[in-house]
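To keep things simple, chains are lettered A, B, C, D and E as they appear, and every chain counts its residues starting from 1.
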Amino acid sequence: MIAYAPYLILLLPLLAAVSIRLFLYPFPRISITVSTLACLGSFLGSIGLLLFSSSMGEVTAPALPWIEWAGFRANFGILGDPLARGMAALVSGVAFLVHIYSIGYLEKEPCRSRFFAELSLFVFSMLGIVLADNLISMFIFWELVGLSSYLLIGFWVERPAAGAAANKAFLVNRIGDFGFILGILGAWALFGTLSFADLPSRVAASAPGWAVTAVGLGLSCGCLGKSAQFPLHVWLPDSMEGPTPVSSLLHAATMVVAGVYMLIRVLPILEMSQVTMMTIAWIGGLMTLLPALIACQQNDIKRILAYSTLSEIAYMVMAVGLGVPGPAMYHLTTHAFFKCLLFLAAGSVIHGCHEEQDIWKMGGLGKRMPFTALVTILGTLALCGIPPLSGFWSKDAIFAATAHSPGLAAVSMAAGFFTSFFMLRMILVAFGGTPKNDAARHAHEGSIFMTAPMAILAILTILGGLLPVETYLHFPHTEGHEPWTLWVSLAVALAGFVPAYHFYRHATQDPLSLPALREKFYVDEFYQRVFISTQDAFARLTDAFEGWVVRGFLVRGSGVVARASGQGLRLVQCGQVQVYAAVFILGVFLLIAWLWRQGVIR
Amino acid sequence: MSRWICPEVLLVLTGVILILADALIPAGKKGWLPRLAILLSSVLFGITVWQSGQPMPEAWANLFITDGLSSVFKPFFVLCLVGVTLISVRYPMGREETVRAEFLALPFFSTAGLCLLASARDFLAIFVALELVAISLYLLAAFHRTRVASLEAGMKLLVMGGLSTGFLVMGIAWLYAATGSTEFTRIILEQAGRPASAGLLLAIGLILTGLAFKIAAVPFHAWAPDVYEGAPTPITAFLAIASKAAGFVLLLRIFGFGAFALDSVGWIFRPIFLTMGIATVTLGTLAALPQRNLKRYLAYSGIAHAGYMLLALGTLGESGMGTVVGYLWAYLLATFPVFIFVQELERVHGSADVRHLDGLGQRDPGPALGLTLCFLSMAGLPPLLGFSAKLSVFTTLWSAGEIPGLVVGVIMAVVGLGFYLVPIRAMYWEREPDTVPAQRFPSFLVWILLLAGAAQLVLGFQPRPLVRLVERSLAPTVTGIPQEK
Amino acid sequence: MNFAEITLGHYLALSSVLFLIGLAGVILRRSLLIMMMSLELLLNAANLALVAVGRFQGLPDPQVAVFFVITVAAAEVALGLAILVAIFRIKKTTAADQLASLRF
Amino acid sequence: MEPIFFWVLAVGLVVSAIGLVAFRNPVTSAVCLVVTLVMEAALFVTLEAYFLAVVQVIVYAGAVMVLFLFVIMLLDVKEEARQRPPWAKVVWVVAIGGGAVFGVPRIASLFPAAAKTLHWGQGKGGGSAAELGRLLFSSYSPLFLATGVLLLVATVGVVVLCRKDPES
Amino acid sequence: MNLSLALPLLLVVPLLGVVAIALGSAPRKTALWASWINLIPGFLVSGVVLRQGEVLYGPEVTNLREVFPVQFRLGLDGLSLPLLWLTLVVTVAAIGVARADVKRAKEYFLCLLLVGLGGLGAFLSVDLFYFFSFHEVALIPSFLLIGIWGQGDRTGAAWRMTLYLVLGSLVLLVGLIGLVWAVPETARTLDWRVLTETFRAQPIPATQQTWLAILLLVGFGTLVSLVPFHSWAPGGYASAPAPAAMLHAGVLKKFGIYGLLRLALPLTPLGWKEVSWIVGLMLAGNLLYLGLASLAQRDFRWLLGFSSAMHMGTIFLGLIGGTVLGLGGALVLMVGHGLSAALGFAVAGEVGQRAGTTWMQDLGGLAKKTPKLWFYLMIAGMASIGLPGLANFAGEILIFFGAWSDHPFLVAIAAWGVVLSSVAMLRAIRSIATGPVSSALEAKQTGDLTGIREVWPFALLTALLFLVGLAPNLILGPARPVLERLLQP
């Protein structure tokens, strides 16, 4: 029985979600307590797992049966390797902090129960992804994460924009999952197993070929969707319609990096094909730059952070593509801390400014919300990779990996420049200067529930670089730093601050206007025009065909024809007995003619 | 002597008794007459069932035979008679009330003719018996002489019947020319082992038209809708069921067991039957679609049913024969109750327009249910009796490899459901019941229709009794082998 | 065509011609009376064939058949005329095309 | 002699039959029918069916025709109005005529016995009342009975249909 | 006690309900009692099946030389067991959803019970005659249900559906006749168990198998609304009153697939292989054509109708996969689809009741106004788009894995179909549930589902969706021997 104990990590949030949904719905306080405690339990469990198993080796729990039938196994087991354990601790830890933060952030929301139920569901699903020991199970939780993300983005049900964003998030993810499931099927067909434990040996046994490439690309589609990489990145900025804790937890710290986590899990397959690896690396490389550019012209504080998130995840993806999962995980961890911190800070700002998200309507917040300003600056520095904050160490590890591919190095470092630029822009506009309106003038810090998590995260942001992530995860240690990447990247990052300071020191409105960037390179419009409109046009065409041709013409038509021929046949029945007689005689003649034609009468 | 107690004789005697009774019973007590008729017909039905394996008088043996087929169909015809009598007593005669006795008596004569037909084994006997039936029916169709429709129906039936009689007689004449005989066994003996002569085939063709007229097969069907509509409803029922069945019994006997069961003849006529079947099914079904008058509607429905039976018959195999027998019984059980209802509808509303069914489902759920089951059975929907009938038509066609017939049969069964659903729709959802004037139907109707519906269900769910009947009809001669003349 | 030797075929042909004329009468004439007369013609044509066949085949049976046919024909005519009279009482006409209230 | 009889009668029959169909006056038609029936009786004589010839004259030419004429007089049936346009009728006449021209000559070839020739007196009899009667009352007795019922029905029918309206 | 007697009892109980209603007892209460009580024999026979693998009732096949070898015989095995339960549960839920104050309540509940009865009989019959007949029993009640209590173009929909289904049934009938007549006359039988054995020992010639398979495919395919024989389905469901749509989309439609599993696969294996490319084309049509068409729907009922018909494509994929995995998936998906479609139509019915319309542009704000209903809407929607944890996902994943090796492209299409159906369903949920409360919903002043009295049918279906989704082995376990036998050459 004790062997099943690791499942408690997973099941506590689920139980919380279910019990809130079924029983505790009308009692927000109890709901919140249950949910938060469940998350705490998960966190403690994960930590326990982390500590316990680091001394005891890998922990695996007996599999829970789902389908084990006719040679097909899709059971759920817990994978106890360091990667999973570390990731579980990270996820539950951040989630716990966000829970705490949410208590303060949503104190006036009447539907708090639902929020926390959905949050618990998310924690459950996310931990499921992390702990799953095979691809099917991972896919299951992958989908559930998609669902919880959908629910949380659309939490404010009465806001049309929230609904649209939620749909977009779910659908784009589904498109990614389309590739993912095909990849899983392909992997199953090629290697005969879906278990992460068996995968390396099975993969090594099979010869690489186009099939392996296809499988690898298919699997990475899942990552493109969930981690919002090009071309499926469009949903993430929109998902900022959700409450800020959600953005912070799902769309910055944990969920979106699930793609990276998954890539690392299936790395044995990806590594078999150079094409796959290069594709992933370049998608990542380009995606470091593009969002950074876009973010330079955004005005919504959360969107700026969202684009920055895109960019940062792209670093991780690129690292995986370059075959260095260690730095990717390292950056994933530190990013979780500082990006979560940044989002929470942004939430604090928004909360303080009464749901105002436009940085140009804020201003002067540095004085009114000094703590928030402080942590924001800390987070920014970490994000930009300024030593000695955590971001510096992890980013540096990734840059080091690009040393051998100058192209990737160039784009990713350029991205660093723009990251510094837009982050400073945000800080200067939002926190510097003078308040632009009443809300900003009366801004104030949130309750202890909000500040405490931020404080904890700030500490982690500062010290996170010291975590021995790569060592702990048993990734092969990357070779010694190539100094040039270190210095160049640092220089570029610092250089980014200069123009930002120049342009936005005293700006009350944006001195730069670059429509292409403001409009996100028109990707959304492109999709809308090309794919969605086409699809809808086809849909309407199909429906019209179905309605007019199939139902209207063919089906109703055959009815009409039958009826009309009935009417026609009735005309013979004119009531004239002579006509009847004529028909009769005609019949006799026909009969005789038939016999004659048959040759029986000559 | 006991052989003379056969249905034919008793039927004629009963008819005469009824006419005489009308003359003898004093004017004030005429009310007994209908009850007497019902009683006598029911007793006759009992006797027929009881007598149904018994041979006929010796002197008749050259012309008439007693075998499985006749023993199954004589009760059929007498059962029809019982039904007709039952509704005849309620037929509104208006000023013609004084001749109610004749109206009741004439079907007895007609039924006697039908019973003779069921046994006939000689074309001359067929001719005479057929004319006995036909002449009674001309008269009965025109019986309600104050209604032009009735007279018109009688006249049309007479003209078309006369025409078909002409062909029949011509056919018989040519049959004499071709074979020298009209007796089935002799024709078979004469023709066995050699190809059929052209004259024989032509003669058969002409005789066939005479019979096709009886069953209202396309293109000899044109009279049916008009006559069915105009004739008094009991007579319509008689025409639609008994007279049609007689035609099929003759076809069965002639092409199935008797004179032309020879391959040399049968296989030439097989495509004719099938083509005629296809045409009949198609026309009957399609032309029924726009009908609003229930009697006409039933006429077309009857034509369609005749088509299905022709298709089964056209395969000229044992299973085809059995199918026709079973189908006829199923048709009787499903159609007769509807005719009973139609007459009550006419009594209440003055016409048989399908509009009068509006809202019936709520006003009178019992009859509506029974009627629905009967209509659906006619449509051939499982688990009702009609399904078994259609099923065996289809199986027959399949096992005979007659794919065109099968395809048309299937399609027309679908279209057919389309028109059988018309009255059902009218009963249940056409108009809201409160907008329809409340009219009560007599309570006996409820029971009859419910019983009929239950019969459809029970026999459909377990068609074994019908299968037994079919097996019996296919059995070889019950008494004696037909003797040489 | 052999004019000198009268065969059964001649009689049959003659009866067929009469039969066809009868058919024409049924189709072409609008008077119900004439239609009925034409029907009689049909039966008579058949009778002629029957009698001829009986003689040439040496059979007595066809003559019996003719006997029955005549009887039936008489009954039919009687009934037909009765119906006609009844119709005439109401409609004051014997034209077939006036008698088309039942249709379609 | 027989061919002459036959041809004369045949032509007469056809002509009078056409007359029956063609004349517009019902009385003329009826007269034509009488002529036809009588000529047919004469043909019966050439076919040695003497009894039937008599029956034909008595029953048909006598009873039935009287019935027809009686009804014609009773109803005072007028000449049939010409139909306009008569094309439909023309079509039918052509069709039936064509059928006759095409089909009738083939009749003889249909029956093996059709080419048989018999001279006067070679018939096997059967024309006599006695022989017919014997057959009617032995082999065909049930049919004879049935015919009786048939006539009963017809009688009842005529009475029912043509009786006086009780109320008028 | 002989537990096989419980089999006919399954049919007798609803029949008694019908009689009782006809004789005048309170319609809804009686129907509800009958459908609940019917679970008891359901449990009994399930126990037998789980223990013995099979339960049979009725005479052994005798008198094979009869003209018409019909035998009333019922049977239940691992394959029909899930469908039996699907029928029982959906019937309960449908009657639970039906309102007592509907007009002409007597006929209404009578028809509902009859539809359920037809489904039960069809799944239980071993004799082809009854197998076919019972399915048709449901036809006329459905016709009336749509015609009398339907909405929209109810008349057209009723006619279309009825005639279409009859056409399909008759084609099917011809196929069945062909099957039975392929047996030599001395051994002729209508018992499909015997037929299976006979044909295993002595297969039908290959070309004949192909023709029979085509007939069965067209016949059953029409009943399952396989493209291009589908056009009765969306409109029929859209116009039907909610309980009827639940029963029809949830239960009766499964008859076609059940029939193919029972007859086409084991009796005409070569023919089925031969036609499987046609099936592939057709199911691609279901997935893509109907999937696209469902995107363009503006009425929620129509959307449900289209998407319900669309998902049949995935089930067919399991059938042509040729692996026991695919068949198992098809079975699970049949159940899952049955439950989710029933839930969907139930929700649509409630929405229609409350808002007076199901036009999606007129709706909105359901989540705010009636959160419980929204919850079940989400469950139904998520189940139908294959969210893990719910039954449909288990079926789909099995089908995908089962069919992947033979038909990777079709699997890709099916997977894309999942995307398409997600688009349609999420759009629908968005416009129904989110945004400001619409005037239609506001004006009616109607509340959420109140109390257990209204919630239980929804909760029941939801619970089962979860149960099957989380433990598909409940279905797969007993079915495995049966399915494996189907695929044995």
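Just so it is clear, a contact is a pair of C-beta atoms (placed from the backbone, for glycine too) under 8 Å apart; a residue touches a chain by one contact, two chains touch by 3 or more.
Remember, it's a predicted structure, so these values are computed and weren't measured experimentally.
Which chains are shared contacts of chain B and chain D?
A, C
Strictly by the touch rule at the top, which chains does chain A share as contacts with chain B?
C, D, E
Going by C-alpha centres, which chain would you call the most central?
E
What chain pair shows the greatest number of contacts?
C-D
Would you kindly tell me how far, in whole Å, the mean C-alpha position of chain E lies from that of chain D?
One centre to the other, that is 70 Å.
Please tell me the distance, in whole Å, between the geometric centres of chain A and chain D computed from their C-alpha atoms.
100
Approximately how many whole Å separate the CA-defined centres of chain A and chain E?
That pair's centroid distance is 35 Å.
Can you give the whole-Å distance between the Cα centres of chain C and chain E?
Those two chain centres are 65 Å apart.
Where in chain D do residues touch two or more other chains at once?
92, 99, 103, 109-111, 113-114, 140, 143, 147, 150, 153-154, 157, 161
Touching at least two other chains at once: which residues of chain B meet that condition?
Counting only residues that touch two or more other chains, chain B contributes 124, 128, 131, 135, 138-139, 142, 145, 155-156, 159, 163, 174, 177, 198, 202, 225-226, 415, 418.
Send over the residues of chain A in touch with two or more other chains.
Expected reply: 559, 570, 573, 575, 577, 581-582, 585, 592, 601-602.
Dump the list of chain pairs that touch, please.
Pairs of chains that touch one another: A-B, A-C, A-D, A-E, B-C, B-D, B-E, C-D.
Going by the contact rule at the top, pick out the chain C residues touching chain D in the complex.
Against chain D, the touching part of chain C is residues 1, 3-14, 16-18, 20-25, 27-31, 33-34, 36-38, 40-41, 44, 47-48, 51-61, 63-64, 66-68, 70-79, 81-86, 88, 94-95.
What residues of chain C sit close enough to touch chain A in their complex?
Per the stated touch rule, the residues are 23, 26-28, 30, 35, 96-97, 99-104.
Touching chain B in the complex: which residues of chain E?
Per the touch definition, chain E meets chain B at residues 22, 66-68, 70, 72, 104, 107, 129-130, 132-134, 136-137, 139-140, 143-144, 147-148, 155, 159, 162-163, 166-167, 170-171, 173-174, 177-178, 180-181.
Provide the residue numbers of chain D that touch chain C in the complex, in ascending order.
2-3, 6-7, 10, 13-14, 17-18, 20-21, 26, 29-30, 33, 36-37, 40, 43-44, 47-49, 51-52, 55-56, 59-60, 63-64, 67-68, 71-72, 74-75, 77, 80, 83, 89, 92-93, 96-97, 99-100, 103-105, 107-109, 111, 113-118, 123-127, 131-132, 135-136, 140, 143, 147, 150-151, 153-154, 157-158, 161-162
How about chain A: which of its residues touch chain E in the complex?
Within the complex, chain A touches chain E at residues 21, 65-72, 74, 136, 139-141, 143-144, 147, 154, 157-160, 162-164, 166-167, 170-171, 174-175, 178, 181-182, 185-186, 188-189, 535-536, 538-540, 542-546, 550-551, 554-556, 559.
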